[in-house]
Amino acid sequence: MVDAFAYVPAVVLLPFFSFLVALGAGKYLPKGGAFGGIAATAGSFLLSIWIATAVAGGRAYDETLYTWAAGDQFELTFGALIDPLSALMLVIVTLVALLVHVFSLGYMNDEGETGLPRYYAGLGLFTASMLGFVVADNLLMAFMFFELVGLCSYLLIGFHFREPGPPSAAKKAFLVTRFGDYFFLVGVVAVFATFGTAAFAGEGSFPALAEAALAGSGDVWTPGGLGVETWFTVVGLLVLGGVVGKSAQFPLHTWLPDAMEGPTPVSALIHAATMVAAGVYLVARMYGFYALTPTTLAVIAFVGGFTALFAATMGVVKDELKQVLAYSTISQYGYMMLALGAGGYVAAVFHLTTHAFFKALLFLGAGSVIIAMHHNEDMWDMGGLRSKMPVTYYTFLAGSLALAGIFPFAGFWSKDEILYEALVHGLNEPLLLGGYVMGLLAVPVTAFYTFRMVFLTFHGEPRSATARDPEPVRWNVKGPLTVLGSLAVVTGFINMVPVQKVLGLEGIDYLHRWLDNEWGGIEGLSSHHYADIGPYSSGYIAGGEVPTVLVGAAVSLGLALAGLGLAWRLYNVASPTEHTAKLGGIKDVLYNNYYLDELQVWIAYRTEDIAGGSDTFDQGIIDGVVNGVSSVSLAGGSRVRRIQTGLVTQYATMLTLGLIALLVVLGLNGGWFL
Amino acid sequence: MILEALIGFTFLAALLVLLVPNEWAGRLAFALSAVPFVGSLYLWSRFDAAGNALTGGTIAFESRYEWVEVGGRTVSWFVGLDGISLPLVVLTTFLVPLAILSAWTPVDSRQSQFYGLMLFMEANLLGVFTALDFFLWFVFWEAVLVPMYFLIGIWGGPRRKYAAIKFFVYTNAASLLMFIGFMSLTFALGDSIGSLALPEITRALADGGLETWFGISPDRMAMVAFLAMFAGFAVKVPIVPVHTWLPDAHVEAPTPVSVLLAGVLLKMGTYALLRFNFTMLPEQASALAVPIAAIAVISVIYGAMLALAQKDLKRIVAYSSVSSMGYVILGLVVFTEYGVGGATFQMVAHGLISGLMFMAVGVVYNATHTRMVGDMAGMADRMPLTVGILVAGAFGYMGLPLMAGFAGEFFIFVGAFGAPSLPYAPVFTALAMFGIVIVAGYLLSAMQKTLFGPFRLETDYEVGPAPFHDVAPLAVLLAAIIVLGVAPDIFFEMIRDAAMPVVEGVSVDV
Amino acid sequence: MVPVQWYLLLAAGIFCIGLFGVLTRNDALYFLMSVELMMNAANINFVAFAWYYSNLTGQVFALFVIALAAAEVAIGIGIILVMYRNFGDIDVTVPTEMRW
Amino acid sequence: MSNVTAAWTALSPALLLGLTGLALLVVDTIRPNERSNTSMAVVSALGALASLSVTVWFVIAGRGHVDAGGAITLLEGAVKVDTLALFFTAIFASVTALVVVAAHDYFHDHANPAAFYSLTLFAATGMALLAVANSLAVVFVALEMVSLPSYALVAFLKKNRGSVEAGLKYFLVGALSSAVFLFGISLVYAATGSLVFGEVASAVESLDALAGVAGIGIVMIVGGVAFKTASVPFHFWAPEAYEGAPAPVSAFLSSASKAAGFVVAFRVFTEAFPLGASVAAGIDWALAFAVVAAVTMTLGNFAAAVQEEVKRMLAYSSIGHAGYALIGLAALSTGSAGNEAVMGAAMAHLLVYGFMNTGAFLFVAMAERWGIGRTFEDYAGLARRAPVACTAMAVFMFSLAGLPPFAGFFSKYFLFMGAIENGFLWLAGLGAVNSVVSLYYYSRVVRAMFLDDPATPSALDAIDVRPTALYAAVVFAAVATVLLLPGFGPVIEAAEAAAAALF
C-alpha cells in the first residue's frame, strides 16, 4: 500500500494551491474560488484522517524534505514531523478549515461581499501556513510558518480595507504579535547558537541535547559563561514571547478583540484552529524542552491562569456577541497555558481539541446570528431568536455548555482535567497554585458571561425589528453548525480520565494513550517522557487520588452552575437590563479592558515622540554639521579672496612680505643668521 | 574576455542611446540593457570560481593586461569574478532593465540623455564589482559619481541641485580619505608587492609584508588605514552618522535612479568594506569589533526610528535602507560563515526589496504626484494590483519568511548571535534584531494611512490602475524576491564558498 | 683693495632702495625706474664677483641683463601708454576694476 | 662636425617655433590685410604642429634619453636637451597649436591679429628655450623671452580697459619678480662663482661661509619660479591677468607659461641645487616649496569656490593646480625612491593640465565670442544650445576636479600617491581637502550649463555662430583629455624617465 506519510506535503500544499488558484483565477471561477478552497481543505482533511490512521497503525514520520540553506555552521532545513500530536492537530485544523470554507459560502457569497477571490485566497494561505506550522519538524520552520500565519491574519482581518476600522485592527494584530515574535526569533537564533540545531524530534534534537546537557553529558554553547539551566530558562522564555503574542496571553492579548473586525468565519478560523492555537501548539510541540525548566513552566502556568481569569472578567460586560467570544477565547487559551505550565500536557492538548470545536461552533453560530441580524452584533438588539433559528440555537447552546464546562459537554472534561493537574501539581508549587486558584475563579465567570450571551441573544422578547424578523440562513450555515455541535457534545468522551479514575475503567483515556505513543509515535515525544523529565510531583487533598478527582470536579462544576444560575436569574427574563451598575467603579475599568489599550497607545505615541526627536536631531545636528562644513569653507573662501585687493602696490607689498617670510622660515630652519 | 565584452557593450550601448532621438531612447535602452542581463546569466551558468578571489581562490573569467607602471607598481586592467561579486553583478544587470522600464512613465524630457547615463552608470557599476586591481576599481568607483550627479541633478525633484551636489561632494570626500588610507597601506608594504592587484596586496598583508614606514609601525599603519578606509566606505554605505546625504538624494532622485541608488550603489559601500577592510585587515576588524558592532546596531535602531518619524514615503524607505545596511555591517564584523555570507546575501536581498519599494512608491507617485503620507488614503481602492505588490514588498522589508529579506537577516542574526570573535555578540544581535519590530511599525502604519481606508487624495489627479510597463517590473522583482527567499542557496552557496576564506582570516596559499 | 663683501652689501643696499621705491611709489614710471635699480644691484654683484672669481661669466651676463632691462622698459612704456589712453592717468593704483 | 650639427638638430623644436614666429612677420608684411588672419593662424598652427611632431619623434626615438647616450649639451653646457626638455616642449607646442587655432575665431574681427600670432610663437620659443636651459644665464634670458611677449599679449586688446589693467598688473608684478629672480641669481653667482648648473651644484657641495648668501639667493630664485608658476606669494598678477586677457591668451599663460615655470624649477632645483647638498648646507628648499604648495593650493581652491565669473574661477583654479604641481618639488626627500614617481606625476599632471585647462579657457573664449556673459548665471542652460561644447566643458571640469574617466583623475591621484609614497601624508591630505572643494566649484559650471534653466528664454539667442576653429580646438582638447586616461601609460613613463634623468 502507498505510504500515507508520502502525502504529508500534499496536506500543506493543497490549500496553498487553492490560494494560488483563487488569487490568479478567482474572479473567473464560480463563487470566487470557494469551491477550490473547499475541495482543497476537504482533500487535506481526508489525507489527515489517513495519516492519523497511519499513526494509529503504530507508525510515525520525521523526515527532512528540503534544505533551505546548507551551511557548515548549521543546516537550515524544512521537514515534516508526524507524531500523534501533529496528526491530531492536522485533523482538527483541516476539519475546522473545511467547515469554515463551507460556512463562508453562506456568510460571504450569499451576503454579496466583494473581493471574494482575495478572501478565499487568504483562507487558503492561512490554512496552508497553519498546516505547515503543524507539521514543522524544527523551530526555524515553525517560526517561518508562524510568521506567515501572522501575515494571513493581517490580510484577513483587514479584509474590508475600504473601511477605517479593519486596517487598523489588522495593523494592531500584526504589530502586537510581531512584538512577541521578536522574542521568538531571538529564541530561535539562540537555540541555533546553543545547540546547533533546531530539530524537535530525535536524538540530535535540541530538547534531547538540552536534557543531556542538564544531565551533565554533552556541552552546549552558553553566552558569557551563563549557567546551562539559567540559559535554557532564558531561551524558553524568549520563545514563549511568540506564544504569548500569538495565543493572546496577557499582556499581548489586546490585538485579539480588535481582530473581530475581520469577517466572522475568519474569526472562527483564527480562534479555533489556527493563529491563536499556534502558540499553545508550539509549547506542546517543544514541551520536551520546557519540561526541563521549572521556572519557565511556573511562569507559563501563572500567566495562563491569570489570563484565564483576567480575560473572563472583561467578557462579562461586553455588548457585542463577538466581543464576548473574543474574551472567552483569550480566557480559554489561558487555561491551556495553565495546563502546560502545570505539566498537564495531555490536558492542554485535550482542551485545545475540544475548544477548537466548540469555539469554532460558537463563532459560526454567532456568524449565523449576525447574518440573521443583518450584521448588527449588539446583543441588546437581539433576543428571542430561539424560536426563529432553532438549529443555530441548539448548536450554539451545546457550544455554550461546553464553554461553560457543564457536565457532560466537551469543555467540562478538558477544563476539569486542567484544573485537576494544576491542583495536584500545585500543592507544593505556590506559583502554580496561584494559577490554579485563578483558573478556578475564572470558571463561574466563564459560565456567567457565556449564558448572559446565550440568554440575551436567544431568550426573552425580540428587542429590535430585525430580531423580530431575522434573515433565514441556508444549509451552508446550518451544516457546519450541526457537525460542530455534535462534536462539541461528544469530543469530551475521548478522554474521560475522571470516570476512569473513579470507576477504575482502564483504557477509556484514549487521548492519553494516543499522546503516550501507545499506538505509535516518536521516542522522546510522549506524555510520560514529559512527565518523567518534568519537575512536578503530585500531591493530593482529601486523602488519595479519587477523592481529589471528585472534589475537584465537583467544585468546578458547582462553580460553573453557580455562574450559570446567576446569568439565568439576571438575564433569562422577557426584557433583561444591564445590571452592570451593580459593579460600580469596576464597570468602567472592565468596559475599557483595564485601560491596557490606552497604555499601548500611549507607548506608541511616546515612541513616535522619540522618533520625532531623533529626526530633529538628525536634521539639526548631524546634517547641520555637514552643511556647516560647507558653509564655513565658503565663508573662508570669501575671506581669502579679499586678499586680492586690486591695488598693484599692495600686491608688491604682500609679495615682498611673503618673500621675507619665506626667507625667515628657511633661514631659521637652516640657521644662516648664526 | 567575456567581462570586457560585458562592460564594453554596456558603454557602447550608453553611447548609442545618447545619440538616438528621445522618443526611441526608452525602448532601445530597455532592449540593450537586456543584453548584459543575459550575459550575466551566461556568466552564472559558466561560473567556476572557488574560494575568495582575494585570498588565492580560483577567479572566474579572470583576465589581466598591464596598463600603467607608476612608482614601481603596475596598474593593470584586472577583472574577474568570485562568489561574492557574481551575485552583485547579476543583481546590477537585473535591476537596470527594470529601472529603465520604470522610467518610461516619469521621465518625460531629455530621455536619450537619461537612459544613456543609466547605462553608463551600469557599465561602471559592473566595473566596480568585477575589478580586481585597486586603481581600475577606483576608476569605476569614482566614475559612478558622474552619471549619478546628472541623473539626480537634471531629472530630480525640487531640491535636486542641492541633493546632487551634496551626494557628489560628500561621497567624493569619503573616497579621497579612503584613497589616502589605502595608498599609505600599499606603500608601507614596500617591495612585498609589485602591483596594485588586490589579491597580491591581500596576500602581502596576510604574509605580514607591512614594514615600518616613515616611523609608522606596521600595526599602527594597518589600524590607521583600516579606520580611514572604514570611514570612507561608511559614507557610501551609508551608516550613522555619515548617512545624511542619502535621504536627500533619494527624495530628490527620480524613481529609477532611487532604485539603482538603493539597489546597487549602497552595495558598493558594503562590498568595498567586505573586500578591503574585512578581507585585507581582518585582525584590525576583529580588534575593532565592538565599536563597529555598536555602530551597526545604532544604524539599525536609529535609522528605523528616523524612518518612523518621516512623512514622505520615499524618505521612509531611504531611512529604512540605512537601517538595513546596519544589519549588513553587523553580519560582516562577526566573522562567521552565516554572518559574512548572510551580509553578502542581504546586499542582494535588500537590493531587490528596496528596489521594489522605491519602484512601487514611484508608481503611486506617478498617479498621485505626491508621496506625503497625509495627502492620500485608500489607494488600494484605485490601483489594487500595485498596492498588492507594494504590500507584499513591505512585508518582504519586514523580513517575512520565505522572502529574500528574511533569509538575509536570519542568516546574519544566526551567524552573529553566537559569534566567538565579537564580545557581547548576543546582546548586540538581540538589540539589532529589534529593528524588525520598528520596521513593521512604520511600514504598517504608513500603509494603513496611505493604502487603506476610504479613498482620499489631496492633489487633484485621476487615479487609475497603473500601466503595464509600470507594474511588470514590480511583479518581476517580487517574483525574484520570493524565489530568493524560498531557495536562498542559489546564491548563498557560492557566497559561502567565497566568504569562508574571509571568515578563516586570509589564507596564505598560492 | 676693497673686500668683496662690501660689494655684496652695496648691491643689497641698492636692491633695497629699489624695492623701497617699488613699494612706496604709485607712479608707473617711478615703479619702472625702481625695478631698473634693483636689476642694476644684481649687475653690481655680477661684475664684482666676476672679478672676484676672475671669470667673465658675470660681466658678460651683466651686459645681457642691461639689454634685457632695456627691452623690458620698452614693453613697460608701451603698456603705460595704453594705460594712459584708457585710464587717463599713469597712477598704478587707478586700475582696480578687477579684484577679489 | 657632423656631431655638432647633430647636436644642433636637437634644438630643432625650439628653432622651428622661432622660425615660424619670424615667418609670420614675413607673411604679415606680404599680406597686411585683414584677411591675413586665416593664413596667420594656419602658418602658426603648422609651425607649432611641426615642432610638436619633431618633439614627439625625438621622444619616441629616445633622443637625449638616458639609454640613448644621455642628454645632448651645447654651448659649453649652457643648453641641454634631454627627455625632460622634450616632454615639456611637447606641452608648449601642443598648447600653442590649440591656442592659435582657437585664436583664429576669437580675433576674427580684430584689426591686426598678426602681432598676436608672432608674439605667441616667440613666447613659445622662449619656453622651449627655457626647457633646454642648463645655465642660470640662459634661464633668465629665456624667462624674459617668455615674459615680455606675454605682457604684450595680455594687454593685446588695447581699447579694452580690462585687458590693459591686466597687462599693467602683470607687467609690474612681473618686472618686480624678475628683478628679484635676477638678484637671486646674482647672489648664487656670488656664492658659487658660476651660472652653469653642474658647476653650481658642485660648488653647493662645498659652501661654507657663503651658505647664507646662497640661501637667500635660492629663496629669491624660488620667488622667480613662483611668479612664473603663479604661486603664492607671487600669484597676485594671475587672477587679473587671466581674467582680463583675451581668453586664448589666458589659456596660453595658464597652461604653457605655467609649465615653463615648472620646467625651470624642476631642472634648476634638481641639477643646480641638489637637495642633498642644499640641505647639508642648511638650505632646505623643499620645505620652502612645501609651504608654498600648501598655501597656494588652499588659497587658489578656496578663493575659486566663491567666484561669480567663470573665467576668474578658472584663474584661481589654475593657481590651485600650481599648488598641486608644486607637490612634485615639495614632496621630494633626499635619496628617496619615490622622487622620480612624484616629480614624474607632477610633469604628467602638467601635460594633462595643458589640455584640460587650455580647453576650459578656450570654452570661455567661445562664450566671449558668442557674447554671452561671464558669470555662472550667464552659462545657465547653455547645454541646450551648444551640447557638444558644453559636454567638452563638462569633461574639462570633471577632469580638473580629478574624476574618472578623464585623464585628470590619473595625474592627480598619481601625484597624491607620490606624495604619500614619500611620506608627505599631510600634503596629500591637504590636496584631498582641496580637491573636494574644487569638485564643488567645478561642478557649479556643469550645474549651470546642464542643470539650470536659462534666466530668460531669449538669454541664449546670442549663440548664433558656430566658430569652427574654436570648436575644433575645444573638442580636440576634450578628446585628448579622455584618451589620456587609457593612454596614460606612455605619458607617465616618459615623465618618470625625464624625472629619473634629474636625480
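Letters A, B, C and D mark the chains in the order given here, with residues in each chain numbered from 1 onward.
In the analysis below, a residue touches a chain if its C-beta (ideal position, glycine included) is under 8 Å from a C-beta of that chain, and two chains touch if they have at least 3 such contacts.
In this text, all values refer to a predicted model and were calculated from it rather than measured experimentally.
Comparing the chain pairs C-D and A-C, the larger number of C-beta pairs in contact belongs to C-D.
Of all the chains shown, the one with its CA centroid nearest the global CA centroid is B.
The distance from the centre of subunit C to the centre of subunit D, with each centre set as the mean of the Cα atoms, comes to 26 Å. With each centre defined as the average position of its C-alpha atoms, the distance from subunit A to subunit C rounds to 98 Å.
Between subunit B and subunit C, the centres computed from C-alpha atoms are 64 Å apart. Separating the CA-averaged centres of subunit A and subunit D is a span of 78 Å.
Multi-chain contact residues of subunit C (touching two or more other chains) are listed as 22, 92, 95-99.
Each of residues 168-169, 172, 176, 180, 239-240, 440 in subunit D touches at least two other chains.
Contact of a single residue of subunit A with at least two other chains is seen at positions 630, 641, 644, 646, 648, 652. Chain pairs that touch, as defined above: A-B, A-C, A-D, B-D, C-D. Partner subunit A is touched in their complex by these residues of subunit D: 168-169, 172-173, 176-177, 180, 211-212, 215-216, 219-220, 222-223, 232-234, 236-237, 239-240, 281-285, 287-288, 291-292, 298-299, 302-307, 316, 437, 440.
Those residues of subunit A that touch subunit B in the complex are listed here as 67-74, 76, 140, 143-145, 147-148, 151, 158, 161-164, 166-168, 170-171, 174-175, 178-179, 182, 185-186, 188-190, 192-194, 221, 223-224, 604, 607-608, 610-612, 614-615, 618, 622-623, 626, 630. Here subunit C touches subunit A in the complex through residues 19, 22-23, 26, 92-93, 95-100, going by the rule given at the top.
Residues 337-338, 340-341, 344-345, 398, 403-405, 409-410, 413-414, 416-418, 420-421, 423, 425, 428-429, 432, 435-436, 439-440, 443, 446-447, 450-452, 485-486, 488-489, 492-493, 496 of subunit D are the ones touching subunit B in the complex. Against subunit C, the residues of subunit D that register as touching in their complex are 137, 140-141, 144, 148, 151-152, 155, 158-162, 164-169, 171-172, 175-176, 178-180, 182-183, 185-187, 189-190, 193-195, 213, 239-240, 243-244, 312.
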